[in-house]
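The following pair of complexes shares a single chain, chain A, combined with chain B in the former and chain C in the latter.
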Partner chain A sequence: MSATLRPYLSAVRSTLEAAMCLENFSSQVVERHNKPEVEVRTSKELLLNPVVISRNEKEKVLIEASINSVRISISIKQADEIEKILCHKFMRFMMMRAENFVVLRRKPVEGYDISFLITNFHTEAMYKHKLVDFVIHFMEEIDKEISEMKLAVNARARVCAEEFLKRF
Partner chain B sequence: MPESLSFGIDPITAHAWNKDRTKLAISPNSPEVHIYHFQRGEWKLEEILKEHDLKVTGIDWAPNTNRIVTCSADRNAYVWTQSEEKKWKPTLVLLRINRAATCVRWSPLENKFAVGSGARLISVCYFEKENDWWVSKHIKKPIRSTVTCLDWHPNDVLLAAGSTDFKVRVFSAYIKEIEDRPVSTSWGSKMPLGLMMAEFSNSTNGAGGWVHSVNFSSSGDRIAWVGHDSSISVADASKGMAVSVIRTDFLPFLACLWVSENRLIAAGHGCCPMLFEVNETGKVQFAGKLDASLKKESSGVSAMKKFQSLDRQARTETNDTSLGTLHQNAITSVCLHTGNKANATKFSTAGVDGLLAIWDFNNLESAMRGLKFN
Partner chain C sequence: MILLEINNKIVEDTLSVKIRNSLAGNKPDSVNVVIADFDGVLFHISNPDSEKSKVRVSISLKFYKDLQEHGADELLKREYGNLLCQTEDGYNISLVLDLENIPTNWEEIVKKIGLLKRNCFASVFEKYFEFQEKGEEGHKRAVINYRDEETLYIEAKADRVTVVFSTVFRDEDDIVLGKVFLQELREGRRASHTAPQVLFSHREPPLELQNTDAKVGDNIGYITFVLFPRHTNKNVRDNTINLIHLFRDYLHYHIKCSKAYIHSRMRAKTSDFLKVLNRARPEPKSVEKKTITGRTFIRTP
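For the complex of A and B:
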């Protein structure tokens, strides 16, 4: 299972390093505007081909790049009902605080669980290789966090059930 | 070791030198232009030019007439001249564009300049004495997207433009009000304003990537451009518009500059200037990296930590934050410092990390002993 993790992460890493070559670009559609082209999508020549990197059917990453912005959408492994609920709540928690997160998008792209939007302003203020490190680290840690939460939920449920059934 | 000057943490969007390289004009990612003066061994901020409303996207300094032209995302351009009290005064230029200006270049004789814009056209501007302002003529067809880069031919008439529609075009920018008819060159003989003399696609099969920078060689026969597909191409008009392309493994380049008739520098997202050579048959070849600084080794990196970082994050280098090159973020522009396009000895690079570095070929030559320099 984890034999596929390293090639998956290195594929995502090299794609992100190439996709994050962003530069400032003023809108050519509306004067005085400077918006992420991957969100606006009015000029087709400014968008790059989207790339999907899949580890298996359930886990994949969609990277859509353009001249001044990149959108990275992650589909997280959710094996059963509990994991689905936990994942949904966890992502919702983070996305509600997207402003503080800086690079997070408030709504995930259709078909994915969470999306990042990185623009040229972010790559100007932060190190590009550290942004890539962050996304990879995020992908790695999310699975661990959800497993830990599932264990905690199960342990709590067991304790509650035990306490309740002691009365009988 | 290249000389480096830090201008803070803001990216340097554009930079330009004056004639004797004692003054430097830079824009730190803002509507202002800062003029620095080299006095008594250090660079001092001399003046701040504040006229634009939005980010300044291009600066060019005419060496002989000592005028600075700046263009900005607010659709305006200004020509700055120095008054008797040594203060810079702006003159408005009527660009007549309705989108942001992206790049500006003085012509070799400094009687006109060209501005590329997101309005899918190039404004060629000249001074009209009757009304005391700068007026423009537009080159529109067949540009279909934002013009990203410009460069003039040494004959003061031909203009090369690269755009995000994946093409490099050579236009005639002949303004009959201010100059005589040009003589024919290898690019063609008839040159009315706006005529497209040549068009090159960045790739033969499909799109090929946005053109980031275009540069005429010192003779004007060759033109080099760099694209977002990490390629560098050279077209030679004297050899029937033959194009030689190489696709490199590096991250895309953002700027290129000829340093002799056969050698050119390209720099970009890889944060390191690279040297390319054109051989006798006209083929472009990679000649070497010019940043010889060693990767910094952090002390006390255990084998366990290295293995963990490799296993968990697919990270092969252990060094964390700083890159192994002088520039810590992408290089956005390259300018000639000493010499000319036929024979340059020094060039300067400015980047998103707020650093401006001056590279000296003589020092680099001794650092890279394996390469031959003619």
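For the complex of A and C:
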């Protein structure tokens, strides 16, 4: 299973490095405004082709780029019901703190679990290679964290059941 | 703390303080405390008719009528005998303790008063355990609405007693977590050979309750305990009652603990991510500069 993880993450990394070439671009539609073009989508010539990198049907990454912004949407592996609710809770928790996170989007794109929005202002204030590192690190850690939380719930359930039943 | 305590610690502590105070020879103070317990049960400790030397403990259960049908009054008379008194307004049972004549075994009595809620429940269980022991069948099923939308059903057959809890999961996530817990309980035979059989049915009532007006719904679960004579015989009866009557609270307590734990993990992980993100920011370059003659000045970008 992890035989596919390394190539998957390296593909995502190289695509992100290519997509994160952003420069400042004022809005063509409204005077004196500066909007992330990937969100507004008014001018077709400013948008690049979106790329989907899939590890399997359930896990994929959508990268949409434009001249001044990149939107990265991640779909996380959720094998069963409990992973689904844990993932859902975790994503909601983080998206509520999107202001703190700067590059996180408050709502995920349709069909995905979480989305990042990186604009030229972010790449001007932060190192580009470190931003890419962050996204890759995020993808790795999420899977680990959800497995660990699921194990913790199962372990607690087992201990509670044992304690209760052995009293009889 | 994995298992919940069956006695009410607050009642025990309040009474112990009052009794110790009296034994030490001090004048008793007035007391008026309302204590909440599981399943919407209220305790009220007060002074009857403003007599500071007497302490009255009253309990109110919304479903006391159901319990009365099954002999709760008799059991309480048996357990508390001379402590029973005129029931306070708005409550179901009252016990009175005279601070001027404290018996020598007062600690035992205080413990007994702490078990008042458990003893109210005990009567139903005992009645049906007796039926099973005598091998009597055909008695009506006991139905007790111990919480707003949740009911307890007890039925006695010749060789077993089945106790069914219906429980409502108010939150969708609770349903999934509840299922994990009940899955482990179902396989509990591994833990102990003496454990009763536990069955779980989501949404629909189990076969025994098929044609009753038992509720049906996505967030409703039914948990069945099958108790055999080795759980209901006179020696272990009390232990079984202690464990079973608090089961629903036990389950929901642990579901809430799991959610709290998950929440604290998420918080830790989120701050972890923030740390990694902040590594992406370059360190602010030192803006203090010196000229050759020694003058220092600060450049603001």
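Keep this in mind: the second predicted complex is superposed on the first by the 163 of 168 C-alpha atoms of A that agree within 3 Å, B and C clash if a C-alpha of one lies under 4 Å from a C-alpha of the other, contacts with A are read in each partner's own complex, and residues count from 1 in each chain.
Basically, a contact is a pair of C-beta atoms (placed from the backbone, for glycine too) under 8 Å apart; a residue touches a chain by one contact, two chains touch by 3 or more.
The structure displayed is predicted, hence computed values, not measured ones.
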Which of chain B and chain C A:Arg106 touches, first, second, both or neither: neither
Chain B versus chain C as contact partner of A:Glu81, first or second or both or neither: second
Larger contact residue set on chain A - chain B or chain C: C
A:Lys58 touches, of chain B and chain C: first, second, both or neither? neither
Which of chain B and chain C A:Leu46 touches, first, second, both or neither: first
Chain B versus chain C as contact partner of A:Phe90, first or second or both or neither: second
Chain B versus chain C as contact partner of A:Cys160, first or second or both or neither: second
Touched partner set for A:Arg13, first chain B, second chain C, both or neither: first
Which superposed partner A:His137 touches (first chain B, second chain C, both, neither): both
Set intersection of chain A contacts, chain C complex versus chain B complex: 127, 130, 133, 137
Chain A contact footprint on chain B (complex, rising order): 11, 13, 29, 54-55, 57, 73-75, 98-100, 102, 118-120, 144-146, 164-166, 207, 210, 212, 228, 251-252, 254, 268-269, 310-315, 321, 323, 328-330, 332, 352
Of all residues in chain A, those that touch chain C in their complex: 81-82, 84-86, 89-90, 93-94, 97, 100-103, 125-127, 130-131, 133-134, 137-138, 141, 145, 148-149, 152-154, 156-168
Of chain A, residues touching chain B in the complex: 6, 9-10, 13, 17-18, 21, 23-28, 31-32, 34, 43, 45-46, 67, 123-124, 127-130, 133, 136-137, 140
Residues of chain C defined as touching chain A within the complex: 2-3, 172-173, 176-177, 179-181, 183-185, 187-188, 191-192, 194-196, 198, 231, 236, 239-240, 243, 247, 250, 254, 257-258, 261-263, 265-267, 269-270, 272-274, 276-277, 279-282
